[in-house]
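I have a structure here, written as structure tokens, and I will follow up with some questions on it.
Chain IDs A, B, C and D follow the sequence of writing; residue 1 opens each chain.
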């Protein structure tokens, strides 16, 4: 029941937002729906805790929720809620400043809930075709969110995002069809497209088709995840979208793409047994990591800078999953969760910063700590958190990835170490130039920031801090269940 | 003349139309060619629905394709391109399209490449599908090539639709189509995508005053934004 | 018991930092007192815990407190003699700093944050010492760097401070990554993250060397070994002085602790004496370069920071000798070297924090960092001047103070190189000892200059005239450290006897007898013997005798001789730069010297000079050689890479297309 | 044991007392060599007595360091004198015979002298202190190596043990010892401020080192510092005589041995004084920045000595 309740609440939102026109109502209802959604998720988690069911099948096996999906759901509903909280104040402000019209606000909420809905479907899809449809749906829902401001840059960014992603995702569809085809001989057509059946009979799948399929899936979903060299849409889309949308893109969309990639990695590994998928992921993970970490040094726009940081982290995660040993998978999963939390916190904070300084240019943002200590400290803490400093959760993930690397390929740890250093240098430099020092006194009058706008980022960082010091056993259990998908029981 | 031969013929026609699309420069004729290609695809689906008995799914698919891709999308694109630019809607070609021979050579190389790629699959499946999968794959690759070589936003939409056709064709010959639910989902997504294309054509037209995507290069690294 | 006390001390210090954040500004006075009190209490606990651990000799383990179901992420603590000894150092210096801090930070804005990060800093240092698994170690280690970063960046309005903080944290991060890899490799071989499984691992020589070098790199960066020292003279001066005292006096020792833990406890060096040779070489270079750069400084804290490089070099000379002797199967001498290094850790912590606190008092009173603007403060701040003098004497390794004892021990170790079979080592080690002697005398030169410029002569700027004696709390703290300097110089054998247990646990051998309360006889009476107390009493005796006998009962006070030109002004005094000029000329290859002299001729008479402008910059070569190439390299690469993102959509799709084709081609 | 302690104390007293005499002898030799009429060999004593009776003058802002330094410097030098193998090998219970400690004590006295020079705030004081520290910087490593090679031969850093070792093993003609001896002589010249490094007889501001530092001292303070400098010269002479020259000390406490030792030491000292005077007369004072060359030479010689010791003599 709860399962369907979670799925249907955003759907209800979609329907509601087709009618509601009053701005204050709309933002409140958006927040309300997202909160209800998250509360339902908590109920589901509690049930999961009492009956540690490994997976749940629904709707003629078309929907399926295992630990991996559960992580996705929890993240989606939680970040959905906090971002709704952030967009409450943010959108009203935008409306006041006439950056958006009432009609576009309606559109925003409509797409917001459809995005959440497609994500929930994607994370719980057992049918790999449905998975594709949901991710495509999430892409289409976000395209117009990216161009919400209708500035030439926003339109350009959205167009690039749109074209690159639909081409990429079309390739993923081809890969999906190939997998369906590979299963034709061993499974009956109605089951050949179901992930659990495929995973069960993975050894009987045609290996040569699986190789081809994985390449297409990798390029397709890799484009969505922002792996180098398919990442070019990402900085544009992140930088031009409104604050809450950037938070959603970085916190959720990236995860769903990675999630899809992981599903097929598991499948391919089970079927091929030669680690081809792993090799691909290691190579492209490291490539993304190195490429993004170097590019990070050459940024003028705060949001673009953070988008490169996202690419770099996706690279690390992909690399970790590619390593494939137990420590790597566990750290990778942990990393994924923490990264989503921190990154969306960062983008909401950046939204606040931009509200404070009216610019995205890094060199024009100065002395935040003196301008507004709350925002300044949030930015500093978030930046250190994303740079992998203790006592935040990412530190554990980072240590885990290193240890895992040393277990299997010690030499890669050198690249990893150098890359971390390069990234750290860049982030620290930007942090210092933005948060420390004296603000430009002449530049602008600084508007006050409502405390409520700081709550989402603060909440995320608090969770990340707690996870960095203490990992509850329930949480760890889910992680372990999810990890066991990768390495077998 | 058996059904296999019909399918073979249709697949050859699909490839041919892709080639024509690739080297064409006038938007209008590109849209027509696309309509023809979709029509062939629809026919192929229809043929498949006759080969395999009681496959009403495929029959519906054929109808869907016909309605969506042969009628609606070409009409929509034509409407948009005429509405948005008063000038002669031709794609201001890139250097590659200006040399159709070179371009078709590259395209042929891609076809060869995909044939070679699917070579390994031949042992595992029946002969026809493995040849046809090579054609499907080359349509997909050529669709990407189309996007890369053309500059107009409308051509990009067409390129995407060609890729989409290629994928559908692959699904058709490999697995006799996807399950109906998925088919519908994909069709819905395609519909939304084409509408989004339409929305974007308007936005692009207002923001950069043309549909030439090469003038979209404000967002890049290393320059002041 | 000791461990419980140690944990308690960490908790108290941590709590002391949380307090100021919780209290509102209305209770500022109360919380600052409470904060200082807790800090003192915590340091005292750490001090006592360290003593207890040293006396106990047997290591104590805590129960494993899981932080998660994963065994790797659990809180495992251990207090053995080595960590106990460093606990003692942290506690002692921390106690002095805690006395000093409240009076000092009166004049500093945002003291809330300063107190908070100081507490985090100290407790994380203590946690590093207690950590018994890789994860906790790294966590505490990184926290230590991070909290001290905020302390360095505390006055972030100044560009130089931000730069210093940046380079500091970056280097700290590098050290963290090196240590992570090094410990990770150990964990790979032992199959566990717990330090208990690391004891004396037998690895192949290659892996031993890799782990060792990575560890040396990591810990050496944090300790400030040349050429990885560049952050140190930038970061230490810009932090508030008590924090510099903590960083220089204690934090560097934590790095030394880590290195000792790795090389003496975890790894088995076997017969790999070149590893010890590397340490010896780097130590020697650091000692020499550190002191040479120190001489050229005229910012007092920068000068002290470079001296930290020097002293860390001396510590690593001791460690290197110890490793060499260990690898060549002379465990007794290895123990001696280790003891020398360990004792120098304590001594350096004492006199360096004394000097930083003294410098802090001067800076607080005069708001002046530059030696060239100081002078004559011995009349204004007589007590501070006295304590500072003791610090200067100790750091210059002059008897009977503590610095001399540890350098003497290092010399004694080096002199035993005649026992080695390897001829190369037999020559190179005395050479290293000669460089150590050079370092000692250069340090003395440097501190003659420092003391002379700050306290002696006439005031060189107006700000000196308004100076007063430092507040009582600050004097008390300096007095404490100064008397410790004297105490550990006079009674070394007591401490060394307890350090013997460390040597016994790590090397397996202890010195037979390090002497009685009067005599320090590290090897045998025949070899050598030293009595700090004896020297002190003899000097005291003879000096008082001479004084009472001969001191003139009447003085006549006059102006000094001015060569008949009339009126000596303070501008005619020798400056610090002038004082160091001969050294600069003799060793000029060591600095990047840019000397510019500009003569401005008079407008009316071209051959008459109106004014002369002279500028001298002595910069660190290591920036040119080890830092700039990286910076420029990364910048260039990043610019080139950025060109890929040209903004053309079709190009992006081409990248994707080509990658797809290549991948398909590769897998087929 | 007590006997030896007693002898040690006595010989220290003697040492301190006759140091001015030695300087007087050197001055007399010099006058002879330069065809001047020589003052009495006791002239130094007279100078000291005169200074002791003169009024002490202090600058207005002289601090306690300036006043205290002379006593400390004198006592340190006297303390070192007690550790020198003069006529009998010094007692172990005196306890300051460690060579590193001796170097350290010299450092301490130098430190205070330099501080005192900086205290008044005249440019002469600063100049002298700076030059003194520079010369010491160059001399110290060489001195250490010289001591090290002795210590390595005798496996001890204690001067009394080294002397005992030398009395049983005749080593002075070993090539390594010859090199080290030569180097030690150069170092001694530098450390005691003689020509060609410094000239104690002039007060030219361009050249003086030691004199520049003590320019502000007068009366008893000056007397103590002068006396300490004289003791220092004798210390280096005796060290050279008893460590590097043939006929080392006889390590017995009998009266005859002491007498013999005394005789030999006197002859050696006179010889050395003569050599010193010869050298000072024949050499011109070096420019300050030529001094490093001389001392580098000394360092090199020491190193060569050590090398030869390790390569040729040990194996």
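Going forward, contacts are C-beta pairs under 8 Å (C-beta built on N, C-alpha and C of every residue); 3 or more make two chains touch, one makes a residue touch a chain.
Here the structure is a predicted model, which is why all the values come from computation and not from measurement.
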| item | value |
| --- | --- |
| Chain C and chain A - chains in contact with each | B |
| Centre distance in Å when chain A and chain D are each reduced to the mean of their C-alpha atoms | 78 |
| Distance from the mean Cα position of chain C to that of chain B, given in whole angstrom | 69 |
| Inter-centroid spacing, chain B versus chain A (mean Cα positions, whole Å) | 31 |
| Approximate Å spacing (C-alpha centroids) for the pair chain C, chain D | 36 |
| Interface hub residues of chain B, defined as touching at least two other chains | 117, 120, 144, 147, 213, 216, 218-219, 221-222 |
| Where chain A touches two or more other chains at once, by residue number | 159-160, 163, 167, 171, 212, 235, 295, 298 |
| Chain C, residues touching no fewer than two other chains | 639, 642, 644-645, 649, 653, 656, 660, 664, 668 |
| Listing of all chain pairs that touch each other, if any do | A-B, A-C, B-C, C-D |
| Residues of chain A that touch chain B when the two form their complex | 62, 127, 129-130, 132-133, 136-137, 140, 143-144, 147, 150-153, 155-160, 162-163, 166-167, 170-171, 173-174, 177-178, 180-181, 184-185, 189-190, 192-193, 206, 208-209, 212, 235-236, 239-240, 295, 298, 300-301, 304, 360-361 |
| Complex contact set, residues of chain C against chain D | 375-376, 378-379, 389, 393, 396-399, 404, 408, 411-412, 415, 417-418, 423, 426-427, 430-431, 433-435, 437-438, 440-442, 444-445, 447-449, 451-453, 455-458, 519, 525-531, 534-535, 538-539, 542-543, 545-547, 550-552, 554-562, 568, 570, 572-575, 578-583, 585-586 |
| Interfacial residue positions of chain C with respect to chain B in the complex | 639, 642-650, 653-654, 656-657, 660-661, 664-665, 668 |
| Contacting residues of chain B [partner chain C, same complex] | 94, 110, 113, 116-117, 119-120, 141, 144-145, 147-149, 151, 213-214, 216-222 |
| Touching residues (chain side chain D, partner chain C) in the complex | 52, 55-61, 63-65, 71-72, 74-76, 78-79, 92, 95-96, 98, 100-101, 103-105, 107-108, 110-111, 114-115, 118-123, 125-127, 129-131, 133-134, 136-138, 140-145, 148-149, 151-152, 155-158, 161, 215-216, 219-221, 224, 288-289, 292, 299, 302-303, 306-307, 310-311, 314-315 |
